[in-house]
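The following block contains the structure, expressed as structure tokens.
By written order: A, B, C and D. Residues from 1 in each chain.
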């Protein structure tokens, strides 16, 4: 029973098969191959963005850092949620690739940046002198670090602020597939049609081995990105194996099936938690992550039953005899695992 | 009537005289001269820190950035107040010199970091994995951006947290002289004896032309600092003229007389404000800065009378017909200016 | 007929099989898994270095840049050959990860740094002031960019200079397996026993998909390296698939068999080139790369026959009707390809 | 007798007087003052460049690093002479401010870059892939580190290569005044009219205290430069004192008188050296620096007589009983010093 992370799951068989199939004879390296071009094309089609520039890398941190590095200047501010992965979990990779741009932290329920707060902050820093560091970009995460999903309406509020203040609008989509599945929206409608300029389109948490696409809807930024990827050490020589992963995930709607399954498992889990005495969901369950506060003995029973998951420390805390937990479902979570977990929690 | 900033005042005559006197024949450059050594010695004496390493630079931003750059690693976090100069006014210079370390913002009344919040944050980030970025340093400003002064007791609380979590304890003393004068403490008692490791000892706002001393109480860091200063372009060739400024300020207790005067003028001003209808001090006046909310027409009258000062925009705001203003007094503020300002405000 | 690069070859079946086999159930991410530990242990055994710290990444550029980034300060110089990959082909990645350290270029036949020139340069820069940038590391490539192999004796000369001047001794082993096979030396004898501190141990060009091990023989540097890898975006979440590649290559002596085959093919090719009119080898063939100057029509015939390889532009040039070519053999170069290439060149 | 460096001389009385005169009442900081604007205007007039953007800083290293940092991308190469100050004496400041751009070293007699070598190198790196790092700028020093002066014709050759390859053309003019005086050319004719885009216009070595102007002939780069200066900690608050120095130097033709004197003293010295047995000039004397190889006993005699100067270590060397020396003349070198030095050397 694994609910620790969606990256604790392995590689989907179709992805592994595509990687093995890519292994056919000599192919020029560094992305100058037909499979890479085909995979890039599938990304463009999935996003209905025929002009987009697409770069593959192997980690979400690389995707975010390279994208932001190409988009902002060192003296600019990147506005993001105070719980954003780029702030809490990337060891200052954005600072490395931007040569020292600041992340300015925004509040907001469930990892969703409050648009008014963003407007206020962008207004404030635009009005300060040279020393303040000028507004440069806003980065949101979709689905968020708290499992919430951005909808066209809320995205539109952020986009309006971004437009108003000339901010590049970046979306960290490490769990983009879960967001698409959770929102029942077209990928285009929650990205470029909603004003997003730059997308980290995650594959790794959704059945790939290590594959993320950096998508620039405005291809003018592509040249900077190419250099950024190279000097970050992120341009694969045997690039076809990286491309193969996206090629397989985007075959038909496999990527959305996998994410839809993960989301459905999380919904199933949240329904079960309603039956557990003392359980309180911290957030509505909109994708594949469930955050819940529970009595400590429920936690003990689930651990004893062999379940893996993380206690969710944060700057705030539950009461003394309670614990806050995160359960993450993935493309290969089985319904039986959900049932076993709920049973253990119920005692 | 200037209350815009203490750096709008000129150079004290004794400082200018010392610079002119330094102009005597050939002297080896880059700090290899007798006057530099004498000035460094005076800094050590003023701080009762015979082992300290002392480096002169010409701006406060350089002093902070070089000091912090020598003290922390790029994957560490520097905890500072959310209104700290290093966050709001240095255009990401600390990020440049640390190669991308993060500033993590702390709350606290009047620019004084809340020690419990610091403890909580350091504890949290120490417990996170590689991605979180490890606690590296705490930087406080003394006197603060809101004119408040740290006392040995509150300093001791920060020092205890710093010790507990292995943080380098940095003090931005752009207005250190005002803090010493305002606290009536020995310089040593509010720095190394209180646990401070690293001090930006400001001269520019206190009558120098452009002179700040970076003081490392633990000289082990000195070698890193020497390289940092050089590659930042901050090692003066005609170094004697930089040293001369500190040499003159630390002659007798000139630096404390000047700061004491500035503080006294601010106290005088705050007393006068008590007579202005609708005036509310935002902070106790402990050094040379006065923050006050006033009716808009008082502001209009003072401007009409020729007073210079800044409206103090911040993320929070006063009501519609009020304004928040900052008045800064300096070494050459005259009592007549204070009286004229108060008279204008009173109407 | 591919002789363009050893990274144009695919993944060895045993490596692919190990990756597929790793795909078994839930495994904690970021290297906290048994397969990663087993693969690290195999690296240590292959190098007879039980205390070494081992970090896996997916590109050679990342391996070099992270290793050097952990080893030197921004104000230090890294001495390397003027044709070193870190200078010519990594888009300033070492400068990114070292925060701006300089590469200082050394001459030497066939990519082998001249030890006297190194000694002279290290002596010179050690004697300069702060502004010069202090000697920090020497980086050699083994096998070199010109296919030459370092032997214990020549390594010892570099090591002596490194020791004398306190330089970290780094080896870019993107083709380390070819060097081991070509030198008929134990891996330990051409690394730590010869004074090497830090090794980029390449897998990608030798049958892996994208796998390089950064090996620090002195584990004191390991903590810096862990942070460097993370903030570079190079820590894989599904780390077992990266580890599996080294695990498979180091099963028995597969890695040396593969490299030995590539080297033997290059030797076979060089023998054939002796039969081509006007062909002149630029370098002795000691590993899997062959550099040759040929009449232009031989080049035309080989291209017409379908051979892939690069014209080797460099700062020097051949005469007008000649071309300089590089042929690279790999683990899956077939003898029939060699024969077909030679036949085409002979015309 | 000082011939160690022109920065061992003090501040010219007119400069000191202007600084003292600037000390008049309250003035807004950070360059928002009338004296700064007047000094900027004088720089534009001296250069006949009415549109140029002018930024003052206090060190030559800052001027070069900020200028280059605003002009190039981290993945570009800056071509410079192998003896260029930016390579040998600035502790990797250009790498800090460019976020890691490479300096690529060019040969050339007397510090004058060979235009053919530059063309060849730019052509080569333009033709390499992403990994090579693209040609970005060429930086020359005028007068050079060997005291040579660029003339319109040789400048034109560099400019032609720069134009051909899209390079920003930067001139390190730490001794620009000496170059103007030595070339008998109009300042405009050896800068923007000769194709120079960016100039570090030095004041410090020519009688200022610490004042250099960064001049961008194309003002499009000005915004980047303003941020670069700020985040480097190089924006002075009491900016009028920095501006005053240039204001004084450019009053009439004081700056050219001072440099002309220094040059004349060097010419006088070189004439005297012709009378010293065994003396060989290493370079024609075209500005204020004299490089000479002499018998060791002449050196001993001059030291004994109290002369200060540097032995000039370099990668090449004189014979065992000879020494290579550098003598630098400055605005306040007296003819009697020259005579005393020559007398001592003659013995």
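What we mean here is this: contacts are C-beta pairs under 8 Å (C-beta built on N, C-alpha and C of every residue); 3 or more make two chains touch, one makes a residue touch a chain.
Worth saying up front: this structure is predicted, and the values here are computed from it rather than measured.
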Chain hops separating chain C from chain B, counting only touching neighbours: 1
Of A-B and A-C, pair with higher C-beta contact tally: A-C
Chain separated most widely from chain B, comparing mean CA positions: C
Chain centre separation in whole Å, for chain B relative to chain A (CA means): 41
Rounded Å distance between chain A and chain D, as computed from the means of their C-alpha atoms: 51
Chain A and chain C: spacing of chain centres that average the CA atoms, whole Å: 34
Numbers and ranges of chain B residues touching at least 2 other chains: 61, 74-75, 90-92, 96, 99-100, 129-131, 227, 230-231, 235
Overall pattern in which the protein chains touch one another (line/ring/star/complete/other): complete
For the chain B and chain D complex, residues of the former touching the latter: 2, 4-5, 7-11, 16, 19-20, 22-29, 57-63, 65-66, 90-93, 96, 204-205, 209-210, 227, 230-238, 241-242, 308
Footprint of chain A on chain D - complex, ascending: 30, 73-75, 99-100, 129-131, 224, 226-228, 230-231, 235
Residues of chain D that touch chain C when the two form their complex: 61, 74-75, 87-92, 95-96, 99-103, 105, 120-121, 124, 127-133, 313-315
